[in-house]
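Presented sequentially are two complexes of subunit A, the first with subunit B as partner and the second with subunit C.
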Partner chain A sequence: MGTGHAHRSHVPGERPRGDSPVHRAPAHLKVLALLGFMLVVVATPREAYPVFALEAAVLLGVIAVSRVPLRHLLPRMVVEVPFVVFAVLMPFIAHGPRTDVLGVSVSEPGLVAGLALLVKGSIGVLASLTLAATTHPQDLLRGLQRLRTPDLLVQIMGFMIRYLQVVTAELGRMMTALRSRGCDPRSPRHWPVLARSLGALFIRSYERGERVHLAMLSRGYDGKLPT
Partner chain B sequence: MHVPDGFLDAPTSVATGVVATAAVAVALRGARRELDDRTAPMAGLVATFVFAAQMVNFPVGAGTSGHLMGGALAAVLAGPWTAVLCLSVVLVVQALLMADGGITALGTNITLIGIVTVAVGWAVFALLRRVLPSRLAVVAPAAAVGALLSVPVAALVFTGLFALGGNVPVDLGAVLAAMLGWHTVIGIGEAVVTGLVVASVVSSRPDLVHGARSLLSERELETRTIEIA
Partner chain C sequence: MSTPVLDVRGLAFAYPDGHQALFGVDLHVHRGERVALLGPNGAGKTTLVLHLNGILTAGKGSVAVSGLPVAKRHLQEIRRRVGIVFQDPDDQLFLGTVRQDVAFGPANLGLRGTALERRVMDALDRVGMADFADRPPHHLSYGQRRRVAVATVLAMEPEVLVLDEPSSNLDPASRRELAEILRSLDVTVLMVTHDLPYALELCPRSVVLSHGVVVADRSTFDVLTDEALMAAHRLELPWGFDPRRIDSLPG
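Coming up: the complex of A and B.
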């Protein structure tokens, strides 16, 4: 188990709307650009604030060109909440010389590190969200294929993306059914019921996989997907 | 929680990226042995299942909630190589489409969640299966113990990476203690849920549980005559 994610209501597969040079750019270039950009951001020394400002400006420039509305991006930034908590704790738990901020004694290196963590992480989340908001999942798969990702891996990702909404909707219906029978899936007392539901979900997913495989074979699947 | 961008420095991120790439390449060949030409649809659907299972949040206490990581669970249900592929694909999709886990930290996340939890979970499970009597009833408890240990070990490996490439001047002993303490609690939750899920699949479709397959093949077909009065 990991700590909670808040993005769970958002399942990929929504078609990116809008049309801009960023939307039209080839997906493999966008992935490479994101990776290169983020490596630079991660390698930026933690006290190089002008460089951070420049990087943030570049990112905001790309977002402006893509015309993805901020009200689409900002709510999805909640994924970073767990590590924001960590970054905020940083000045209090790090060691080193102390300094006073607003009358509270905090660790100076911790403050610097926490701030850098917050800036780098937020740039990363915003940049990845921009890629997701301007790239259709199918284009992303083709882009990964062009980047020489092993074919089998791309196929697995393709199936995952294709069936994500089917399986999560199935889970949602199970949860509704549990709740309507007075079960509270969040209470540890009901974990056995919840676990049996997950077991059933696994069996259904596995059997769906078998049916999909047979359907593919009957349409001439030979290990490669027709493009 | 997935490691975000900037948590570990660039060399560590690149190094774990290389480790993750190599492990996924090996897993691609291994999964073909487990699933043959069914690999793409089966691993895809199991990955979807893992993603859906991770969506179920449990309250952990202190107002926070946790969710299943599923490394040990996927390894026991679908086989270790398939599990590595499924967890890795889930992490790639989460990073690229949901910004959950940084793209530069993808190698780190795959190494920790996709490889370490699966490897530890499966190793412990296989060991227990060898030591314990070969009965279907031991499959779920063995899976639970595997899940229990897989989480703190992943936390331990994370602390090691943090010592190598952490960007924060925090006392390592404190990080280690906090990570191990917290993740042991998380591991208990993971163990309970993994054990219960495996038990429920074993009781209804034991043939689908990879970790129980050798037990089923030992069974012989019995023909009994029934006296009808």
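Coming up: the complex of A and C.
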């Protein structure tokens, strides 16, 4: 019990594997670098394709130095899918002069905007994933602390990292219990049940939050975490 | 007679929703004692425990710890004196490493640097977890997490250690190891438990709480062998367990 979730490699809080200058760089510098890089990418004009190519090359260079395998990064890019869907739709729903691409009539400004969104989004997601893959979450928190991020925010992030696994494990056990009673959480027929168990999970997590707070108060918590 | 470590007098408490949990509880625990707090579910045990360090405030009556009344202006000192180990170690361990978690309490008391480090390692030593100082708590087994939870409180050098269901969810070996650790500690203990053999093994004295009042306060052996008392308050020994057949108890 309780150890089943300890060996999955993608859970947050897991020590990133590998060792490279990128892994060893201080977390607060990496956060600043990511922030600066993203500002530049977002500020790049839509049609400055050579600049995008340069930015992508810089990012790929950093990934090459960090030796994080693309096998690790690419599957995690699925978080981008909603943006991709939006970007792909843009040429079809936007107004303005039309142009033909492979025999299909699409909106020209829509095509440009969609392409720019896709490129900027992909660079951003890939850069963030690289930071995540090369930085231990605890170091990231300390880095944010050094950057004078409001203490409360850092504390909340710390709790999120710590309790995501507890809550995920709890969800896993609830799903197992549902399946054991003949419910298939994937089937739409059982979505009402799923919704109710997610509600129950929310209540349980809320109550756990209260218990954690009590336990902290019992040890003299006064609003500040010792660094 | 010396000042009791825990001195609860006529404690009554009702929750804001009107449900009254305690109806005048008296409890005295003296230095070096190990006392079990027994009682069925819903008897008010947890409510009583939360009064001991001022999480809840007495509706009526008083609570004092080594002579210091539990009141708002003393809360910091009260919470140092009364160390509560909660039932679920995941509620207690919330930081990235075992070391940080054990340091949380003493750091709140103002300890820094080498004094803090010494306090942390000393507490981890006492529960046999010093080798795990730099591990994240969620990578430990449940029994190890329970022991670290005890260390987080020991690190505050409390005058009384209050344990909520210390043996719950432990496998027999972890349960025994925890008993050995608790017996090795030179500290006053109040232990809330449904595990009656554990109470008999560790606590010479037992207090039975039922429907918000203390209905018995005697030696654990007397309580466990009083069938009428046990039946009246939904206390039951595990099948086949007979305190009278135990020759000697560990010291």
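We take it that the second predicted complex is superposed on the first by the 196 of 227 C-alpha atoms of A that agree within 3 Å, B and C clash if a C-alpha of one lies under 4 Å from a C-alpha of the other, contacts with A are read in each partner's own complex, and residues count from 1 in each chain.
Throughout what follows, a contact is a pair of C-beta atoms (placed from the backbone, for glycine too) under 8 Å apart; a residue touches a chain by one contact, two chains touch by 3 or more.
The structure presented is a predicted model; accordingly, all values stated were derived computationally and were not measured.
Applying the touch criterion given at the start, work out whether A:His72 contacts subunit B, subunit C, both or neither, answering first, second, both or neither.
After superposition on chain A, A:His72 lies in contact with neither partner.
Which of the two, subunit B or subunit C, is in touch with more residues of subunit A?
Between subunit B and subunit C, B touches the greater number of residues in subunit A.
On the A-aligned overlay, A:Arg219 touches which partner chain: subunit B = first, subunit C = second, or both, or neither?
second
Taking the superposition as given, does A:Ala116 touch the first partner, subunit B, the second, subunit C, both, or neither?
first
Looking at the overlay, does A:His190 come into contact with subunit B only (first), subunit C only (second), both, or neither?
neither
Just subunit B (first), just subunit C (second), both, or neither: which does A:Gln138 touch?
A:Gln138: touches subunit C, not subunit B.
First (subunit B), second (subunit C), both or neither: which does A:Tyr163 touch?
Touch status of A:Tyr163: both partners.
State which residues of subunit A lie in both footprints, the one left by subunit B and the one left by subunit C.
Common interface on subunit A, subunit B vs subunit C: 1-3, 5, 137, 158-159, 161-163, 166, 208, 212, 216, 221, 225.
Over in the complex, which subunit A residues touch subunit C? Could you list them?
The contact residues of subunit A facing subunit C are 1-3, 5-6, 13, 137-138, 141, 158-159, 161-163, 165-166, 208, 211-212, 214-222, 225-226.
Residue numbers of subunit B touching subunit A in their complex, please.
Listed in rising order, the residues of subunit B that touch subunit A are 1-2, 4-7, 9-10, 13-14, 24-25, 28, 31-32, 37-49, 51-60, 64-69, 77-78, 85-86, 88-90, 92-93, 95-100, 102-104, 113, 151, 167-171, 174, 186-187, 189-190, 192-193, 196-201, 204-205, 208.
Could you pull out which subunit C residues touch subunit A in their complex?
50, 53, 55, 76, 79-80, 82-84, 86, 88, 90-92, 94-97, 103-105, 107-109, 136, 138-139, 141-142, 145, 152-153, 156, 169
Considering the complex alone, what residue numbers of subunit A touch subunit B?
1-5, 7-8, 10, 12, 31, 34-35, 38-39, 41-43, 46, 76-77, 79-80, 82-83, 90, 93-96, 107, 109-110, 113-114, 116-117, 119-121, 123-129, 131-132, 137, 140, 150, 152-153, 155-164, 166-168, 170-171, 175, 185-186, 188, 191-192, 194-196, 198-203, 205-206, 208-210, 212-213, 216, 221, 223, 225
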